[in-house]
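Just below is one structure, and these are the notes that go with it.
Here the chain labels run A, B, C and D in written order, and each chain numbers its own residues starting at 1.
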Amino acid sequence: MNYIAVRGRMFALLDPERGGRKGRAVDFFIMGLIFLSILSIILETVAPIRQQYGLWFDRLEVFTVAVFTIEYILRIWTITAKEGYSSVRGRLRYMTSYHMVIDLLAVLPFFIGGFVDLRFLRVVRIFRIIRVFKLARYSKSLQTMGYVLRKKKPDLIISTIATGILLVLASSAIYFIEGPVQPEEFSSIPASFWWGVVTMTTVGYGDVTPVTTAGRIIGSLVAFLGIGLFALPASILASGFIEEATQEEKPRPYVYCPHCGEELPNKSR
Amino acid sequence: MNYIAVRGRMFALLDPERGGRKGRAVDFFIMGLIFLSILSIILETVAPIRQQYGLWFDRLEVFTVAVFTIEYILRIWTITAKEGYSSVRGRLRYMTSYHMVIDLLAVLPFFIGGFVDLRFLRVVRIFRIIRVFKLARYSKSLQTMGYVLRKKKPDLIISTIATGILLVLASSAIYFIEGPVQPEEFSSIPASFWWGVVTMTTVGYGDVTPVTTAGRIIGSLVAFLGIGLFALPASILASGFIEEATQEEKPRPYVYCPHCGEELPNKSR
Amino acid sequence: MNYIAVRGRMFALLDPERGGRKGRAVDFFIMGLIFLSILSIILETVAPIRQQYGLWFDRLEVFTVAVFTIEYILRIWTITAKEGYSSVRGRLRYMTSYHMVIDLLAVLPFFIGGFVDLRFLRVVRIFRIIRVFKLARYSKSLQTMGYVLRKKKPDLIISTIATGILLVLASSAIYFIEGPVQPEEFSSIPASFWWGVVTMTTVGYGDVTPVTTAGRIIGSLVAFLGIGLFALPASILASGFIEEATQEEKPRPYVYCPHCGEELPNKSR
Amino acid sequence: MNYIAVRGRMFALLDPERGGRKGRAVDFFIMGLIFLSILSIILETVAPIRQQYGLWFDRLEVFTVAVFTIEYILRIWTITAKEGYSSVRGRLRYMTSYHMVIDLLAVLPFFIGGFVDLRFLRVVRIFRIIRVFKLARYSKSLQTMGYVLRKKKPDLIISTIATGILLVLASSAIYFIEGPVQPEEFSSIPASFWWGVVTMTTVGYGDVTPVTTAGRIIGSLVAFLGIGLFALPASILASGFIEEATQEEKPRPYVYCPHCGEELPNKSR
């Protein structure tokens, strides 16, 4: 077996859509390892568990990083087998892609050491779990969602901008009104953003609340506008999903001549 | 009256759809007893009520368990009258069905005794209330809901998984940021899950809140994503209900030939 | 002018749809008085305002009750002019109708006196504001809403029952888990209902929160189910409004024969 | 170049739809300055930033006001170039238009001086950001939203009135019930409005909560009605967006005769 064939086979093995049964096994193994790794990162933060099973966490860490590093190197090596990535520039382009940067950041902290906080980046790998859907029947749902979100992007962007404008206005108003009374909680407009977000999203922790009458009137307005904040994206997405569903179920209708049986041009759509 | 006839009559009596007027009376009696039993379980936990009417609660308990036990035994005895359940295996299959396990669990704590906490299981009997819908005109609504939920299952599962991924990311991020400042509230990632859920669902108790600027920025993002958490299932279900309603109201259209008056094959749907 | 004519004119004057310009003036006068009365009831509860303008509130009270009493008596007197209410039984039937009972309850506290708390009933008069819609173009919107609510009643009832079942289960579970740890907050299942409602509706005051791990897991489940609590009625109503809108805009389609020009029977709907 | 030509060119430069490349440059410059100005207003409230960069904020302030004043004067001068605004009355009408009043209020505080609180008005200038949409492809989305909001105005007004009525009833009820127990929090009906809003919108700060059983029952009802408060506008807007989308996508269908190929009058719509 020559170099090209080995590389091609390796590439197919790492590609969830081409690897066949073996490829899927590799994929599930890496998925499982990501799950296990994230679970260990989560559990490791619990003091009693860390004290008792610390050694096992370290061993899993070494094993995980080893597998992920090998996977990373293999991916960079074999990518030249893919159409459009055959040159050195293609390989560089691949290395700077979103997935590969995440993959690098997932193992880098181990080699650099010391920067324990960067471990959080490994948690971001959880997004790769979505890959599992590529194999399953959920792919159609994901496509529909993606399609709806893309189609309704301008509407959703306008909702977001409107939300941002309201947030700035609400926070400025509450700062000017409540600032003098509660100088610690509403010390500045940026500090008041926290209150604005907590009220607009109707989370309402209660750690920062208006106490003056004027402040409470502003707060009431913001809370009611928060309802619109829920209603707008919900109704936009609903209309998107319904349009999508309607289009799926109503295929182009063909009309046949009742006499000769030939298809007639249907201009109604 | 021979054995088969008695068993068949008994079976019909316990079946809400076959029992006729008498069967419905039996059904309503058991429904009422379930309601009464649940009400007594709820009220029994109120100390002053328990002290004053404790004896009556105990008497109702004995009566309820007696009736439910008789009902349970009768159901197992008569099930063989149903098509497909005539053999011993059929009876065993029936005994391990969802409804029968609940029915057994509802009376078991009384006989085992001592394990007072198991009484909670009787509350689960409330699910038997759903049976009441079989009798009423609400059955169509329930069918529609069930149909919509089943049809939109993949979409709802993806929403749930996305929620789970966001929860892990949010809790990890807040742990890394707020953990050093509030070591008691954000002692570990699993402990931070509580904050994540309370914020994403916009419940916002306020028992655990971020105090650092970075933590509040994370909190704001999570709160806004919580809006999407509401918008997605609402819009998915809305599209499901509308598709369902549209299909109901638009029956297959028939097209008639304008010349001979005969029905033409309509390929448009 | 004889008795019948006076009564008929009076009746028309009090009926918003028959009174013409004068009738509308009477209607707006009573509407305005209701508004003013409610405003005074609200403001009267503010101590400094009551101390300063107490006399004026009392005077407005006497005037309001006088007008409402006269209106009430006139309505009962003139109702016999309406078709189907001409007999004494018709008058009694009218007196026990929803609107007339409210009207009576709105003035009764003044005559009974002493029972100041009954004044709250006057606030209920605010519902009479809805009458204003009869005059305006908003009537169609109200009709649509009423139609949608009536059409989706079974679905909404099932949502409510499901909510009730979940509330009982959630409160029972949290009582059994958190009760031993927080015996004051979760003293009984009925006491735990408060926590259940506050969490399911995502209000989340934070006055009662679970502190144990098991309690927080239950709390998380309830909070997520609270999202469904929002999504279900929203999507049910959305489908209702859309069905209604679709039916309005798509009148029964007529199909014409392309040859003779005669209308063909359209069985597609 | 004569006066008319200069004025016309100036007018076109300030009009986002006529100015061409130069006009768009002017527009983006003013947009940027608005953004920068708002950002400086926000950051200026942070004490450490103000102390260090105070001088720069003041300089930006002078520059911003200078540009906005020149823009304001130019707009008033050149408006007479627009059809229907050529007279002095047209100029006065323009000066009292929404946008021009905002523009005046945005620079006025600087000239009046002393009244620092009026600076808040500059934040209102953020509304001018909406102008940016005129340039972008988002205009269609904004038009659709505006159309939907206008079409569903009666429904939304009724929702708002219903919300107001419920708020008055809820606040009155809680005042009568909780007032005697918590005289500070529920001192009057207007004071109880705050609790009503916080509960109905499901914000739930927890600064004011009912403690009596009756108060908690009222609170539970209000919280559940709060769900309807979300469901109504969401479903109304959803139906509006869907109607809009349906009308866009379904153009008038044309039906052709299967024999002669001529278009037939379609009365189905």
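Here is the rule we use: a contact is a pair of C-beta atoms (placed from the backbone, for glycine too) under 8 Å apart; a residue touches a chain by one contact, two chains touch by 3 or more.
The shown structure was predicted, so the numbers you read here are calculated from the model rather than taken from an experiment.
Chemist: Roughly how far apart in rotation are chain A and chain D when fitted on CA atoms, stated in degrees to the nearest 5?
Modeler: Here the rotation carrying chain A onto chain D measures out at 90 degrees.
Chemist: Over half of the residue-numbered contact pairs in common: that is the test. Which of A-C, A-D or B-D passes it against A-B?
Modeler: When the residue numbers line up for over half the pairs, the pair is A-D.
Chemist: Farthest chain from chain D, going by mean C-alpha coordinates, please.
Modeler: B
Chemist: Looking only at residue numbers at the chain C/chain D interface, is the share used by both copies over half or under half? Answer same or different.
Modeler: The interface of chain C with chain D is built from mostly unshared positions.
Chemist: Taking each chain's centre as its mean C-alpha position, how far apart are chain B and chain C in Å?
Modeler: Computed value for the inter-centroid distance: 30 Å.
Chemist: How big is the gap, in whole Å, between where the Cα atoms of chain A centre and where those of chain C centre?
Modeler: It comes to 43 Å between the two C-alpha centres.
Chemist: Could you check chain A for residues that touch two or more other chains and list them?
Modeler: Those would be 202-206, 230, 234-235, 238, 242, 246, 258-259.
Chemist: Within the complex, which stretch of chain A touches chain C?
Modeler: Residue list for chain A touching chain C: 202-206, 234-235, 238, 242.
Chemist: Show me the residue ranges of chain A that touch chain D in the complex, using the header's touch definition.
Modeler: 154-155, 157-158, 161, 165, 168-169, 172-173, 175-176, 179, 187-191, 199, 202-206, 209, 216, 219-220, 223-224, 226-228, 230-232, 234-236, 238-239, 242-243, 246, 257-259, 264-265, 267-269
Chemist: Mind pulling up the chain C residues that touch chain D in the complex?
Modeler: 38, 41-43, 45-47, 117, 120, 123-124, 126-127, 129, 133, 137-138, 140-142, 144-145, 163, 193-194, 197-198, 201-207, 229-230, 233-235, 237-238, 240-242, 244-246, 249-250, 253-256, 258-259
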